[in-house]
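What follows are several structures.
Next, two complexes with subunit A in common: one pairs it with subunit B, the other with subunit C.
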Partner chain A sequence: MSLEQNDIDQLVKNYREDFTPDVEQGLRALHGRLTPVRRLRPRNNGRLYAIAAAVLLLLTAGYFVFADRGLTELRNDTGQLATYELPDGSSVVLQSGSVLHYSASDFNTAERRLTLDGQGFFEVAPDADRPFTVSSAVGSVRVTGTAFNLRARSSELEVEVSEGTVLLQHAGREMQVKAREAALAVDGGSMEREEAPNLNHHAWRTGELRFDHTPFEQVLVYLNDNWGIVCTWKDDTTCSFPVTSSYHTSDARSVLEDIAELNGVKVRSTGTDGKHFELTGTCSK
Partner chain B sequence: MPPTSTDTDTELFASLRDGAPGALDELFRRYYVDLCRVSVRFVADGAAAEDIVQETFTRLWTKRLSLPPDTQSVGAYLRRAVRNRSLNYLRDRKRIPVDDGELPELAADLEQQPGARLESAETRQRINHAIDRLPERCRLVFVMSKLEHMSHREIADALDISVKTVENQMTRAYKFLREWLGVLVLLFCQYICLN
Partner chain C sequence: MTWSRLLCTLLLVAGSLVSLLAQADTLPDNFTLTPGERPLEEVLLELTVAGTQLSFRPDQVAGVTVNVPRGQRTAEAWLEAVLGGTGLTYRRGAAGYLVFSDTALTERSFTLFGMVSDRETGERLIGATVQLPAEARGTYTNEYGFYTLPVTGGRLYARVTYVGYLPQDVDLLVRGDTLLDLALQPNRELPQVLVTSSPEAEGEARYFETGTRIGRSEVTQLGGAAGEDDPLQLARLLPGVTSGADGIGGILIRGSEAGHNLILLDGVPVYGLSHAGGLLSIFSNQAIRRIDLYKDALPARFGGRIGGVMDVHTRDGNLYNNELTVGSSLLSGQLAAEGPIRVGESSFLVTGRYFWASRLLERFSEAYKQDRGRRGSTDYDVYDLNLKLNQKAGKRGRVYLSLYTGLDNYQNDSWQSQSLSHTNEAGTEFRYTTPTYRSERARWGNTVGALRYNHVFSDRTFGNFRVSYSDLQTRSAFERYDSILEQSNRIYEGQLFSGMYFSEIRQLGIAFDGQHRVTSSTDLRFGAQGSVHHFLPQLMTSESSLSTYERPGNEAIQRPVEVTPYLSVSSKWRNLYYRLGIRASLWQTADAHYFNLSPRLLLAGPLSPQVDWQLSYDRTVQSVHLLNSFVIGLPSDLWIPSTEQIAPATSPQVSGKLTWRPQPDWNLTGSLYHKRMKGLVAYAEGRQNSETWIDDLSTGTGRAYGLETSVQRSRGRLRGWLTYTLARSDRTFDRRINQGMTFPFRYDRRHAVNLLLIYQLGERTTLTGSWRYESGLAYSVSVATRSNPTSEGPENIPVVLERNGFRMPPNHRFDLNLHTELSTSESNITHAIDLGIYNVYNRHNPVYYETRPVYSVEDDAPVSREQFYRIYIAPILPSLSYHLTFGAPARPTFGRQ
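Our next item is the complex of A and B:
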């Protein structure tokens, strides 16, 4: 028995008719897209302006070889972002104040090992035979080819992955972290993973912050992790509210002031470094 | 007056031009599923299809002031927008086929056909599967012609091929589908007759 063309035409009308996406979920996603992006003017004073110049400089400054230990040191003291090429073809953007070390003689032989103190964004050249491992005092991150942001402080190590998958190693345990996920290892053994759809830990470099019903406490954490902004509440009276908006800026102070103003929170600068603030809230919206 | 669900598409479109967000939501609810199906037939990826349709509505909103006035056929307008966006998506990813490709072997596939009676959901799966097995150029031409009702000229322009190639691909698609879907026909008679 053979099909006529008409029969086929009838049958194929069913092609992909079983694909039924969730309309309300789609609508929420649409509303997320329509949230106006606030573009803040960078202020002309304050040290944050240095970061606001999102010009990536390819630097040879900050590059030292310590012959005695055979370690190459990449140190960014420029007050701006600095991009470095590594011998294996990978690249790293270092935040000012961050230092990266690797062995001048062994790097990229059997493996690719580095140590980081500070914050960097790594784009790793794929090479399945030579694992790429970045270590800190707390733990390490191991990959073969991917892109991720790594924040290494004395007591915590946080990775947020923009492409591929990485392996976070800490206190004898391992955790797989996929694209658009973040994981935090804290000295003492804890290791937690969460969704990171907006890659807000990359903001110090990309200038993109996106909040979607993000609790204000979490917004403050992002400002701290990216730019070292420290906020304290006056008289221990804290306010919590969801924040939904997008920013394209590197001026963290303006982001803080903008969100605070919209939600009736007062911001007062304390100290002279432009990074410490006291918040006063009535929490009436 | 706020848009309501009893407004016609054309009224909603006019409200949208006037900046009523409710009109955007109502149009979205009416067309989202259908438009996602249009897109997924092109891009073969559900998440990408949803993304494309959401982006189309985002543009609809941001460009609302320059929308054509008195649009009588809103559905067709949206469908065309999604189609073009889907083709651009394929083009950006270098997924517009550059050759005719090979048809898969039939024998191996046919052996997997169970003799048992097919449920209609399973039948749909088989139709999806059959069309998906067409070489990509053949599949796109067929979808554009039979499901999107585009003319051979339009298809040729969109895929940067000749009308003659479009015709050849249609012949090829029918030949393959006739054989592949042939085994379904007995089982399917009932289904067709009921629909």
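Our next item is the complex of A and C:
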């Protein structure tokens, strides 16, 4: 019950502070914090989904613990976002298909250790004494209290920080990543940091995509990172042009189609998962 | 959970739902943007900040600024508002708006069309160039200031230029066929441009602008006899254009006759263009906007005469401000008033001239004649009046009413008596008196009126409808007697001869002239003219007094009808520019009809970047003939129509021209022409008889060919031109004239040199000098007389051995004129002052020779001898004119049309 109250408190606070623009914001936060679980039938219709999600707010949000050798597994297979409350009060929004593990017994004792496979947004409850560390096969991210997006794949680990500072550890080296910065560690040793003023790696959750003179191939990378959209160029003819855009949507395909169309690039869906596309077009000026 | 929390939660959920429902629509929220002139990119970003989902390519919007209006709009309305006028467009995509270069637009063709006018007066500008610098092509405005230019869609930079005006650059977005009216600002800073005969049309347009423009500014700077500005004075400085001394005899182009010129006043044929026999033209410089003179490569819309074409356009009157000009030269007083009737929509222009000098002339001539022992006086009254009204008719039309009327009334009487005495062998004294009387009267006037409506049918089609009236009434008469009276016995011996020329022409016409742009390089010009004429030519001669003449009856009136359709296509093929034209003319009189075709061909192109060539072939047909008579020295023009006996005259002309422009302001031209004239009509030699003159006309052919060269500098402090013409023109008539032998044309000027120099002394002050030299007139002079074997006519008949076999001394003259305009920047009064000297070195250029008997006593009897008198008109004369203009901003006429 306390979880629900926390949520409501948070929402009401937002609601009172700045109602007009934050309804949507709030709703998006709501999206993220929902624990949709199995009762939720995935719907593609955004409005119905939203209504359902809003109704669900009133329902108990739960998390499912699968005890397996002392490891707690948080796995989101819903096709939607799922928000989980961790025992230390931190919360995590997991993208569908992502898995988070932590030790049921050790977590939040001396430290807070988790492993991530997939993508998640962490809002870490401040606790200077117990460092919060998310690891993947490639490296780890160590924080004390902050909010960040973490994408952990088999060969790369990418963090994009929305609040505070995190420490990215990879191959025995460390890199400090501040708010509105992103860093990518690739298996094999490289670690790169860049500005992330638009927090586009959060888009899978926030729906906020902002491009500013962004090359088209970078746009494709964002779409891939956020939603796993895979684009291939037909005949290996690639083409690049800068784009400035602003979207709040989770419909990645529409964004792809729009931006591609800006330069007359044609998008054809390949496969049935709605994530694979073939691009054709000549880069006409 | 407390109730309050639950309530808050419910509210929140409700709010979310509303918000979601709203979001599903197309963002109907109105919001404001920071107004002003701003970069488009910044404006688009501001739109996204306001919540609009969109994408654009920053490289496509770079450098584009837009004007953001005030007020609240939805996102879509904002895009609509700011993207109009840029080359970008928008579309709703799957996720948001897409802002992109309208690539589809640049693949489509549209037409840019409109009017070019003077920003200050609203006067439409003829021949203004509209160019697309990026594509190095353009067009120019027609006689109504209308242009049409095919363009591709999208962003477009056009440049509009006109001599004497500041160029105007237009940056616009073409999304469809676009009406773009342009108003040019007169250039006050750089007035030093020579307009006349400059190859003004830039780009491809120059190949089709085959006429020579007579600029109003140079006319003003050149001045004229007694300070009377006259466009024809300037025309006569062009190669291939000539006239008799001091302009007498009209204007003659390339060896054709005065009556062969097509003079159009606002498109209406004019039958007389001279005041005072050519000393002045009927074109008051204040009423004229521009004159285009064509010697060859005639557009098919011109026809009906076999010589050159003078296409005279009158001014419209200021559409925005009232102006009043009063002025005077040494000959005439002038008044011009113009202004808007409804500002920007309609205007009027009235100009009038009255030659008050006639009053002085009367007294002066009286005294002059008295000094020479004669009595009598010369009286000359001249006035002319121009009226023009124009009214905008809808968005695409304009109505013009123009009216000209003018009258010359000349009268010259001279009575002289000598006394002789002689004593015979018987000592008787005989006293003789020799009363001699000369009387000349000439009165001619013409009226030209036109009601025109021009209409922009579409972006590619322009049309002009016209109803017109033109007339000429001429009546000239002379009476002369030479006698000798023996006082004591009252024995009288003498001869009286009189004649009268009477001509009445009226022409009522309707016409349509259309222009259609087929493709970007192909233009069609087509139309038809129909007119009904009324001719009443009369010629009477008698040995009785003029007072016994009867007014001509109406039975001699002829009413021919003429219909002339025409069509021409101008286009280009690679580097070859061509214009093919055809004009048909059907001339129908009561007893005859003639059908003639006049093909026209113009080929032109660049030979190198600096050299242009031009070849042309023109066939022209003339169904009205002008009979020139110099019986009394003064021209007595008689227009007669083609009838069963007299076929229309035709003339083919072939000509070629090379223009070399070594530098932008220097221009060298050389042209060659060859012209034949068939079906020319002239009075048969001998005396014309009242009854038979019309049946007694002689027909013949003519030939004219020559070389015209000129060097011209069109810009700079010193500008002007030097021309040299080598030409020949001769005539061959039937046996009744010169026994069928070829003889030179009266105005056969073998050599002609013209020099015009305009020196810019100050911004508004010019000193203009002009010198002209021409071979003398070919003139028929009788060097002997023989007695008349018949009882008719005078006792002695002058014998002319060879028609036009005598050459008068060459004709040359130098004139100077200082023109200045004064005004202060605050006042709206402008003073224009002209000070000049006509015929600086006092050359007595003969107009004609007159023979007068001089009586003396020889061998005990009084005898008369014919004595030649060289008649010249203008000795050295100062000229002065002053014009005061109220209501106009200080505006030099330099470089303006």
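One rule holds in what follows: the second predicted complex is superposed on the first by the 216 of 285 C-alpha atoms of A that agree within 3 Å, B and C clash if a C-alpha of one lies under 4 Å from a C-alpha of the other, contacts with A are read in each partner's own complex, and residues count from 1 in each chain.
Following the convention adopted for this analysis, a contact is a pair of C-beta atoms (placed from the backbone, for glycine too) under 8 Å apart; a residue touches a chain by one contact, two chains touch by 3 or more.
These numbers were taken from a predicted model, which means no experiment stands behind them.
In the superposed model, C is the one of subunit B and subunit C that contacts more residues of subunit A. Contacts of A:Phe132 after superposition: neither subunit B nor subunit C is touched.
Legend: residue contacts after superposition of the two complexes on their common chain; A:Phe277 is shown touching neither subunit B nor subunit C. Across the two superposed structures, the residue set of subunit A contacted by subunit B and also by subunit C is 1, 5, 8, 11-12, 15, 19, 23, 26-27, 30. Listing the residues of subunit C that touch subunit A in their complex gives 1, 5, 8-9, 11-13, 15-17, 19-21, 23-24, 41, 44-45, 48, 52-59, 93-96, 98, 100, 103. The touching residues of subunit A, when paired with subunit C in their complex, are 1, 4-5, 8, 11-12, 15, 19, 23-24, 26-27, 30, 46-47, 50-51, 54-55, 57-58, 210-211, 213, 241-249, 251, 253-255, 257-259, 261-264, 284. Chain contact summary for the complex, subunit A toward subunit B: residues 1-3, 5, 7-21, 23, 26-27, 29-30, 33-34. Of all residues in subunit B, only 24-25, 28-29, 32-33, 36-37, 40-41, 46, 49-50, 53-55, 57-58, 61, 121, 123-125, 127-128, 131, 142-143, 146-147, 174, 177-178, 181-182, 184-186, 188, 192 touch subunit A in the complex they form.
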